[in-house]
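Two complexes, one shared chain (subunit A), two partners (subunit B, subunit C).
Then we have the complex of A and B:
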């Protein structure tokens, strides 16, 4: 445990000193502000372009923006923030293995599991804080300009995205236990996502897949209930747990 | 008691056999020189001792505890300085040592004084900058400090002096000699003068085996056959000397008497005196580590 706490605080210090935390915070804040901003500006943009549309033979009527548009932006933009986070964290393990910075610490009795888990928890903390910060900002502006109650299940939808992010982070942890570089880790994580999309083509499988959690639009409109996400949520959580658990013995066996 | 016992360890990478039975032991409070050519398997052996490498056979005991792969001998026993130590560039030396201390579980109040003590020992106490700006010598010194943080019984240094300038080398050797009072030091090197300077025990690694292992005195005893080197004032006298001492050889105008005992030397001097042969120079050559090393590696 002492190894875990010492290494965890080292990780936090690393995030701050290498300015990665600042960049990520900026990304989540910008996305949070962008969601209502884009929704708010859409009518103006369309108005400005009205003439162009006119010349193309299209007539644009009055566009009415609601909270729904703002939250649609949220689910469109949050993946971007997640991808930035994943790319920035993809080398968290492999760069340490490659440089050999862990050797002096491991020979002092730091367990490899402590390394794997503390990095995982740091990523988890950053993702959780970032997502809910982004959610909070969007919620505040959306409530200020429009009416949030028009959109259903807001926190649950965000929770779905959060859980999906946890799975992606677990993929990084898992692939890092044997991959040689950040590129390979990203490739593996991307492949996992791709595989999920492929399986999702079977309609029957869709409700069991983690990607179901990203389908927030149906939730917002009330077409689906949170209970419809139950199976996907349980499977996502279980797969994440398995991936992280599998990373521990794999990392222990890894030649450093 | 021996701090480190290595018995017959073997390791191959694919079809390449790197270690084919390395054995040696390191007693308490000594500086142990682990000598071998580049690629002889020094680093491989050390990594095996640290549990960072899976061996194909053999046993390693550190402080009486068996070492197995993936699990470093319990903390407090071993300190390790890698050949090119890598640290977190965004920390300064004190922060790094504090991290190391936290990992080994030293309590904060002891740790603070321990850090100051070590930074002073390695001469980094006035250094406030972050590690990313450090020279290799400074990193090497910080490496020793971090290796000593938990007062290990065994300090393993992998070629600590190989890449340093003469000043840096001297500093590292001085620090290692000082460290000997608290711990046993094993250091690998191919710089023989370093070994002669501070080591009390040595092991030669050649062809994946320990070709020799013992104390510096044992080496000198083994090679007690001191050679004499004689340079005559008049080269034409050479024939008279070689006629009397058939064992000697002539090379570059010098007469070499291999394996000459003290009485051989007296006999030679008596002969030179009796024959009134003028001598320019007569020199005794103690066998040194280099001779033995060359003999061991068969060159």
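Then we have the complex of A and C:
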């Protein structure tokens, strides 16, 4: 436990000193402001393009923006923030293995599990804080300009995305236990996502897949209830747990 | 027009503050360092300025900043 807290604070300090924390905070804040901004500007953009539409034979009526448009932007943009986070964190383990910076600590008695877990928890903390920061900013603006009550199940939809992000972070932890470089880790994580999309084409399986959690649009419109996401949420949480648990023995056996 | 701009101000002001502080910080960081993981000073300055709505600085910090 002592090793865990010590390494955890070392990781946090590293995030601050390598400026990664600052960049990620900026990304989440910008995305949070962008969501309502894009929704707010949509009628303006369409108005400017109205002449082009006219020449194409389409008439554009008055476009009314609601909180729904803002939250649709939220689920469109949050993957971007997640991808930035994953790319930044993909080298968290492998660069330490490659540079051999862990060896002095491990020979002094720090357990490898403490290293794996504390890095995992740092990523988890950053992702949680970032997502809810982004959610809070969008919620504030959306309430300021429109009416948030028009969109259903907002916190649950964000929770779904959060859980999906946790799964992706667990993928990084798992692939880092045997991959040689940050590139390989990203490749593995990307392949895991791709496999999920492929299985998702089989309609019966879609209900059980973690990618179901990203389908917030139906949740917003009230077509689906939070209970419809229960199976996918349980499976996502279980898979994340298994991935992190599997990373521990794999890292223990790893040649450093 | 005045009222219309005022309607957008709560969105635009924080966005400008965040993006420009990131841009300024990135440019200072590029100028203070002589070596980069990839690319040269001129390349990173151009990328940062072209993609100043945070893609440029982001790319620099992910791909260009040297690990210390």
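Going forward, the second predicted complex is superposed on the first by the 256 of 256 C-alpha atoms of A that agree within 3 Å, B and C clash if a C-alpha of one lies under 4 Å from a C-alpha of the other, contacts with A are read in each partner's own complex, and residues count from 1 in each chain.
One rule holds in what follows: a residue touches a chain if its C-beta (ideal position, glycine included) is under 8 Å from a C-beta of that chain, and two chains touch if they have at least 3 such contacts.
Owing to the predicted nature of the structure, the values given are computational and were not obtained by experimental measurement.
Between subunit B (first) and subunit C (second), which does A:18 come into contact with in this model arrangement: first, second, both, or neither?
Both partners, subunit B and subunit C.
In the superposed arrangement, which partner chain does A:106 touch: subunit B (first), subunit C (second), both, or neither?
In the superposition, A:106 touches subunit B alone.
A:231 in the overlay: touching subunit B, subunit C, both, or neither? Say first, second, both or neither.
Neither subunit B nor subunit C is touched by A:231.
Output check: A:6 vs subunit B and subunit C. Expected answer is one of first, second, both, neither. What do you get?
first
Touch test for A:221: subunit B only (first), subunit C only (second), both, or neither?
So A:221 meets neither subunit B nor subunit C here.
Looking at the overlay, what does A:84 touch: subunit B (first), subunit C (second), both, or neither?
In the superposition, A:84 contacts subunit C only.
Of the two partner chains, subunit B (first) and subunit C (second), which one does A:255 touch, if any: first, second, both, or neither?
A:255: touches subunit B, not subunit C.
Per the definitions at the top, what is the overlap between the subunit A residues touching subunit B and those touching subunit C?
After superposing on chain A, subunit A residues 18 contact both subunit B and subunit C.
Under the definition above, what is the set of subunit C residues touching subunit A in their complex?
It is residues 8, 10-12, 14-15, 18-19, 22, 25, 29, 54, 57-58, 61-62, 65, 67-68 of subunit C that touch subunit A.
For a test of understanding, state which residues of subunit A touch subunit B in their complex under the given definition.
Within the complex, subunit A contacts subunit B at residues 2-3, 5-7, 9-10, 13-14, 17-18, 99-101, 103-110, 112, 252-253, 255-256.
State the interface residues of subunit A toward subunit C in the complex, per the touch definition above.
For subunit A paired with subunit C, touching residues are 18-20, 22-23, 26-27, 29-30, 33-34, 36-37, 40, 84, 87-88, 95, 141, 144.
Using the touch rule from the top, collect the residues of subunit B that touch subunit A in their complex.
Checking each residue of subunit B against subunit A gives 50, 52-54, 70, 72, 74-76, 78-82, 84-88, 90-91, 95, 99-100, 102-105, 143, 146-147, 149-150.
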